[in-house]
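Take a look at the structure set out below.
Note that the chains are named A, B, C and D in the order they appear, and that numbering of residues resets to 1 at the start of each chain.
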């Protein structure tokens, strides 16, 4: 994995999930807000979405483990080389371990979505543990490397530990819009930062970076903040788009409802109904 | 205690308690879930179980202290050797101290289970303090040792401090199923990790480990995550088993109840009663 | 910015905002307390105040970024000097980044004040992130400097990280008077401490400080506590002033109301009305 | 203060307050428990006790500051010696600063007890800040000292920071019996540990301790846990004593009440009244 692609791949997944969450959660919040007066349970659609998300997590985790193990220079499921008295490709094994926990998180998602009596919040615990394990392994991963390499990876840890802590809070404060946005933004940050690590350590074209220069470290620290500013912007833009789209759909629905209502109710009643709708939106 | 048995013994206890908790708490949760409509108080059985658990803790703590003090090469309750101007067997004294706090935790369990007006949550505080003291003593325990020895013990600290923090949260969020599962899994992790420490530092058969090799440290870090994956699996399997067993018992009870009901109620009423039962299960 | 003015400027802003908050929040609390029986929504005045505050934040952030970029010895929006193979004026870029996040916090303030369906608490998250980013950049800012310089900046971090944590708590405990006072006092502390840093590192008149002397470090640590004592006093004094002023206004209002009431109600009713008012004040 | 008395004095105060709290809070809890059915407000007695406590804090803080300043070898309110170009007796100034914050905490106690509309929880914030400042100053206090000296002081920090954190939690979880017991026990721990520091660093009679020996550090760490076990025991014993005393008083009161009741009510009513009392006790 010590090349650009090895950082771009996990980066893409975190970016994907981050962006996806920044669409899913506002969608769900807006739905709740606009359907307050109707039924309380979310429609089956949301369950199906969660089902797909959980399955994808498991699938990606499985593919990731297989790829790490059976790429040409992988360990091929050998852990210890008795002849050479050495561990075989520990890096690949560590990455497999990370994927394993994201797979477990996927299983927890599926379970908590199913009709089984699983304790509420097990999906958030699963994700928090997966992020914690990722950060935990990275933390002991980067010793004895050049200064900039260590620093750029330890910045990643800020995003990952932050994500783990924020997701763990969600166990207790489920469906809290701020925590959901925070998680989305931190996932996007992690994704783009993986790309940044790739660009810095394995530049595609152009000169190599001086891994010991202090100015580079200062720039990279600042650059991390810029990435987060961009992540926040993406979350905000997606929130706005989802809200506008929902607004349109709801209005059409409302006007359909009104047409139906006009047939049965007097106009004054229909307007009070409309007022009610607006009221629950404003809340 | 610097041998394999010295690590296997505490490991067994933590493993035992972890597995026990991973059975007890799901049992209690399932009971509550299926008896919602009936009486609110848990049956005496649960109180008796807690009584046994607390008593066992005190008993084990007492035995542990006695063993540490009066093994042939123990301190025999001598703390300071005035002739030699030296402390006597501080390791054994430290272990005794750890056991003492688990004993205090056992007393807190008994008190909180009794009918005395003890503040709610004192059992969790007692356990959190016992785990904190264990981690606290281990933290200052492992200086000036080979690199791998220090690392493998500091990984243990992650499990113990994590358990202390999670148990302290339970003071405020009592009977939270996620926290209870977390505590069970961390206790199992601690148990199996004690065994792992024993296998690594005092290999039963086979070659000694190189305590300074960096690859060994990397492997051990990863291995810790595998232990946790196994611990999570054990908790999940026990939860499932308990749930299925309870399901069966409840069904039998329900059908008994229905037979009773059919005699007194009309069939339609009985079915609504059944629907109610299912409802409370789904919740 | 490595001069006295460069520390006095940010110091003034934090001092200003701290003092402003120590007036605004008691004002709002007293208002709520004395108007409990009336309408529940805060009057438009508060929204307008928040609007001005948010706009000022954005304005100051914009001016700050422009100033950092386009002062004579600034980077003039150049980031990398290809000829010299070096980053251009990274300090100025870092300060710009800090201002950027305070600007984002200002945008979050405006959004959360508007009638748009923004998740509640996004203004506090914005401020917490801005403070976190400030502390984060400062943390990696001060390596390789004389001992006293590092120490005096790391004391600043206590105030900034403390402020970030306390503001993040406000996401969940909105309108908590203690947290609001804590935030105000930490902002004032940060403001006065910036001045202190300026006085110590770039003394206006008088001798230079010995940056390696241990006694200076001890004094500075203690001095930080004195600054906080002063900050607490300012918050307390402002609270008292606001409360007395509000008391007077409310009394006048109440007596006006009573005059109106006396015309329409019997004296006994009016007195019960008065009792009600006192009751809600006491609560 | 670098002698035995200098550690015994603050130790006595913390011990005193810890023991006092371990009596006051159980007393208050038992009172609430047994007077549930009656009036909800605590009697004036409690307010008077809090008034005395706050006043004592301010008095002790004032005396402490005066003593630190005006002992024969104190700074006599001189901060900087312009001739010698040196700070005057910084240790005494640091201790004065600590006392100042406990004085502020005392003022916060008085304010929160008064009828003024002070935000609820300001007394806990004041105490948390005082403990934080104490720990903060101690943290930078103990550099460049022998190993055991540093270690024994850093153990003190565990008690003080723990106390600060637990007291800060009380801002949000007011009147939580577990947090109150935790605070009492940590205050007692701090008190007895001050004495222990005095005994170790300035032995009254007997040989000096070897400040670099590793075994001494190990013993001191363990000894800290023993102190905490004793502190927990003191809290438990005081709780029991208070509860038994209250029990007796309540019973007498109850039987007095019953005598009164028997005169006016039928026996069956009186017994139901008694059942009610027992019920509220059990809860």
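As a working rule, a contact is a pair of C-beta atoms (placed from the backbone, for glycine too) under 8 Å apart; a residue touches a chain by one contact, two chains touch by 3 or more.
Please read these numbers as outputs of a predicted model, since none were measured by experiment.
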Intersection of contact partners for chain B and chain C: A, D
Equivalent interface positions on chain A and chain C, same or different at half: different
Farthest chain relative to chain D (centres taken as mean CA coordinates): A
Angle of rotation relating chain C to chain D [CA atoms, steps of 5 degrees]: 90
Separation of chain B from chain D, taking each centre as the mean of its C-alpha atoms, in whole Å: 32
Distance from the mean Cα position of chain D to that of chain A, given in whole angstrom: 45
Chain A, residues touching no fewer than two other chains: none
Full enumeration of touching chain pairs: A-B, A-C, B-D, C-D
Touch list for chain B against partner chain D, complex: 86-87, 90, 93-94, 97, 100-101, 104, 115-117, 119-122, 125, 129, 133, 136-137, 140, 143-144, 171-172
Chain D to chain B touching residues, read off their complex: 29-30, 33, 158, 173, 176-178, 181-182, 214-219, 221-222, 225-226, 228-229, 232, 243, 281-282
